[in-house]
Amino acid sequence: MTNQIVLPDVEALAARVADGAKVAVFKDGAVPMDLGRALVRKGVRGLHVVTVPTSGLLADMLIGAGCVATIETSGVTMSEFGQAPCFGRAVKSSSLKIMDATCPAVYTGLQAAEKGVPFIPMRGLIGSDILANRPDFKTIDNPYDADGGDDPIVAIPAIRPDVSLIHAPLADAFGNVWIGRQAELKIMAHASAESLITCERLYEGNLLEDPHLAPAVIPSMYVGGIAVAERGGWPLGLTGEYDDDPDAILAYIQAAATPEGFQDWLAEHVFGSGAADARVPAQAAE
Amino acid sequence: MTNQIVLPDVEALAARVADGAKVAVFKDGAVPMDLGRALVRKGVRGLHVVTVPTSGLLADMLIGAGCVATIETSGVTMSEFGQAPCFGRAVKSSSLKIMDATCPAVYTGLQAAEKGVPFIPMRGLIGSDILANRPDFKTIDNPYDADGGDDPIVAIPAIRPDVSLIHAPLADAFGNVWIGRQAELKIMAHASAESLITCERLYEGNLLEDPHLAPAVIPSMYVGGIAVAERGGWPLGLTGEYDDDPDAILAYIQAAATPEGFQDWLAEHVFGSGAADARVPAQAAE
Amino acid sequence: MSGYRSEELLISVISRLLADCGHIAVGVSSPIPGSAALLTQATSDRPVRVSVIGAETPEFRTDGGVDLFDSAGQGRIDAFFLSGGQIDGEANINLVGIGDYPEMKVRWSGSFGSAHLYFMVPKVILFREEHTTRTMVDKVDFISAPGWSPDNVHRPGGPYGLVTNLCLFMFDRPNRRFRLESLHPGVTLEEVQDNTGFNFEIPEVVPETQAPDQAKLELLRSTVAQKIADPYPKFAERVWGVKAAA
Amino acid sequence: MSGYRSEELLISVISRLLADCGHIAVGVSSPIPGSAALLTQATSDRPVRVSVIGAETPEFRTDGGVDLFDSAGQGRIDAFFLSGGQIDGEANINLVGIGDYPEMKVRWSGSFGSAHLYFMVPKVILFREEHTTRTMVDKVDFISAPGWSPDNVHRPGGPYGLVTNLCLFMFDRPNRRFRLESLHPGVTLEEVQDNTGFNFEIPEVVPETQAPDQAKLELLRSTVAQKIADPYPKFAERVWGVKAAA
């Protein structure tokens, strides 16, 4: 029971993501770029990507590679590096269905899924074009309005990803994952049917037995598979481990400014020599 | 800014709890018994105690000492040691208003307060006498019912304590508190206007700077005051630090079987020699 | 009733009700249900997760109290155990007290998580050793959690069986009543009828509750006894003379 | 405009709007608002907490992203900053793009937390350096968050002021329009009018924006520069030549 959860490589993890899956990814500091590259190699199609609550390079790369049918997001941005090139192109060309959200609505929807309730109410949103373009968001009357008058409040429906993709510092052979300070990853994992984890290294022993590490552990119950991916966030950083590689991020943005440049980038960094060590065929991964 | 948050003793903390305050206490493993004894000495009256989601010795002692007007609880029990004696007497004599709840409703109400929303819906409860006796719980129609039919769901109103009382292993001079694995304490702290903390010992430096401790820290923003109380949970245990003292708990239950016995217990363990080292007058505590 | 202890019989009965469960959660102070869950784990041919509320052992831990209820809300828990100071013929349970609410003659601790878990966990096993007209009543004085709900109420879970020191009842959800499934060795139908305050269905033939076989007893006395000693050391020592590992 | 940098003027203007705030939160990539918050902290006679989203420094950290929005929902945050690719005369902001939604001519990143924070934080300061008819428009193409709400909508927060590289507007909530509060040194009323796509109230006398005095400049160049170098090292180095502590 303890060992089958640790898979040989990211290709074996990627094999668990089906075409059309609803996939949650975190905004930063825990982004599994190696696993993203494996998804591109696998050629997954039709993903519904939920960004928690925003995304950058990972979402942009998956969109550029044609993996994504729908994106549910509060923002796709390369932050200080600028706009996300493939995302911008896909929106303009109508090749991507976009469900614009606002950050706390994404968290709230995941929290509703976590609790197994159909919705959780949220303040704000009323009068925005976000709400106007989200027919899946319903506005109800607050039953606790003190004045007994009308007090509309938006009921955010549960967001239930099929899978959440997480890069973490540590995982153990029992299937437990140490996430550090990013408490939102727990919400993602709880809300998703399963989580696929890449980690920098395996922890010897049981993470739940260390009283200092245990509070920030996603327990194995929520974990579908783990693979070691050293510097698996590159070129993004991993909180507490290593920083962004700004030159590599800038190189991506410059390359992805055109569809051709993006294909060249994929050829080098996903299919090519830049990713050689990760290129194990999915079959061999079983 | 760094030092005024650490107060000289539990009496100074107790001084911040006003008569009639809504006070949240945790079920086990983090129960500030020393602070509870200080509240009894101070003679606080009319508390509305919210047990998160249950309580034992602390609630029973405060009830026996006449500090409590209302208890909102999913259970008051000495667990394997038996029924809570003062609680049982107070219910029978109508000297205590009781608001019976169910554990997840308490958590849900605190989570609504944490988010600043008026309510969060919860499954269950319908058809129970808990719901029948909680006019403050309203049942609404699930707006996301797939069949479009009626699907009643209980909207649990936010629970907003004035103060939560927590005993923790560590706190620092910046006002940060390390709680270990009891993640529910964060919900309590976020939901309450402020938290009063006793801790086993002060941590040198800033808890938020330790990457292993930071994930389980209640940040100073939620903390109203801290006092060191070594073995401050006695006779209850503190998770990861020390166990319950079963003999002392049994002695309490036997003494509290009668009102007179309970008064003797108070005289010895709260006002008397058994608590001598904590008996600093509140005035001197400023 | 020779060859095994009464606890071993109850554990074995409960364990059989847990077949096909992948995740069994156990409440506080529930050593017999906990042992039954571990016996199921030891005999199942697929992985079975056992969570014990409040346990310190990593293997048994949930991700906190909120996580337990949330997991149940999501349908991630297949079986749970509830008890009652009173249980009635419609499987309503009362954990609050006896008499008129709120100033009851006898006040118990409270409803804990029952009003949620009884709705959300598919197989809720009711377990109450004391089987008397005091515990098995016609109508509970306070419904901590109802045994059934109207059709429009979202309720994926509910009562499955009721295990006492006299017999096993199964709950017939469509007909909202208990059916006597088996009598524990040495117990007569009359004894059950005399000690039960509610009406229940009696099949033409009521079999004897199956006693644990030698293989199960060996598992109980080795693997299960060792494991249960961690959350419940006193129980393991009393029943099997086993001490928890240091 | 000698004696101080344009960034220092903007920081000083924003800081004056933050008087009386006990907890100021700052979003990602907001070095000027962040510096203004720190200047407020350095000059206030009571404790001021400054939270910077995504910051690593303990002092600036929130308890995670959810906690930030939850804190705002509870009213624990007194001031926040928002911007907009477009801002219109009713203080509606657009962070989504230009053209017809959803296939917009220009697509920006998205609305982030604006549709919640703009409602819940009492003093929201709009900050956009570029002041042109492209950014200050009559009507935004997409309302990420509206500048005002009908009376029945729960809205303890909303727009307070709008700071650009030309001037300071204050938002008149009852009348749902901006009022020109002051012109930055060297800027004329005509210049603001020519570069603003919306109508706004013009008082009879429009004062010049107060420049930072020597004491404030010294604070900025010492305390504030040192502190802001932690979340925003590039900014601190560019404006003040200060490097972050190792």
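Labels A, B, C and D are assigned to the chains in the order they are written; within every chain, residues are numbered from 1.
Convention: a residue touches a chain if its C-beta (ideal position, glycine included) is under 8 Å from a C-beta of that chain, and two chains touch if they have at least 3 such contacts.
Note that the structure is a prediction, hence the values are computed from the model and not measured.
Shared contacts of chain A and chain B, meaning chains that touch the two of them, come down to C, D. In this assembly, C is the chain whose CA centroid lies farthest from the centroid of chain A. Spacing of chain B relative to chain D, judged by their CA centroids, is 40 angstrom.
Between the Cα centres of chain B and chain C there is a gap of 30 Å. Residue numbers of chain B whose C-beta contacts span two or more other chains: 111, 115-117, 122-123, 142, 153, 181, 183, 214. Those residues of chain D in touch with two or more other chains are numbered 63, 67, 69-70, 73, 120. Taken as a graph of touching chains, this assembly fits none of the simple shapes: it is neither a line, a ring, a star nor a complete graph. Which chains touch which is summed up as A-B, A-C, A-D, B-C, B-D. Those residues of chain A lying in contact with chain D across their complex are 27-28, 53-54, 73-77, 79-80, 83-84, 87-88, 91-94, 98, 100-105, 107, 111, 122-133, 142, 149-153, 181-184, 187, 239. Per the touch definition, chain C reaches chain A in the complex via residues 23, 47, 49, 58, 61-63, 67, 69-76, 120.
The part of chain B that touches chain D in the complex is made up of residues 1, 113-117, 174, 176, 186, 190, 206, 208-209, 214, 217-219, 221. Of all residues in chain A, those touching chain B in their complex are 108, 111, 115-123, 138, 140, 142-145, 153, 155, 157, 179-181, 183, 211-216, 240.
For chain D in complex with chain A, the residues that touch the partner chain are 28-29, 54, 56, 63-67, 69-70, 73, 95-97, 101-120, 142-146, 149-150, 152-154.
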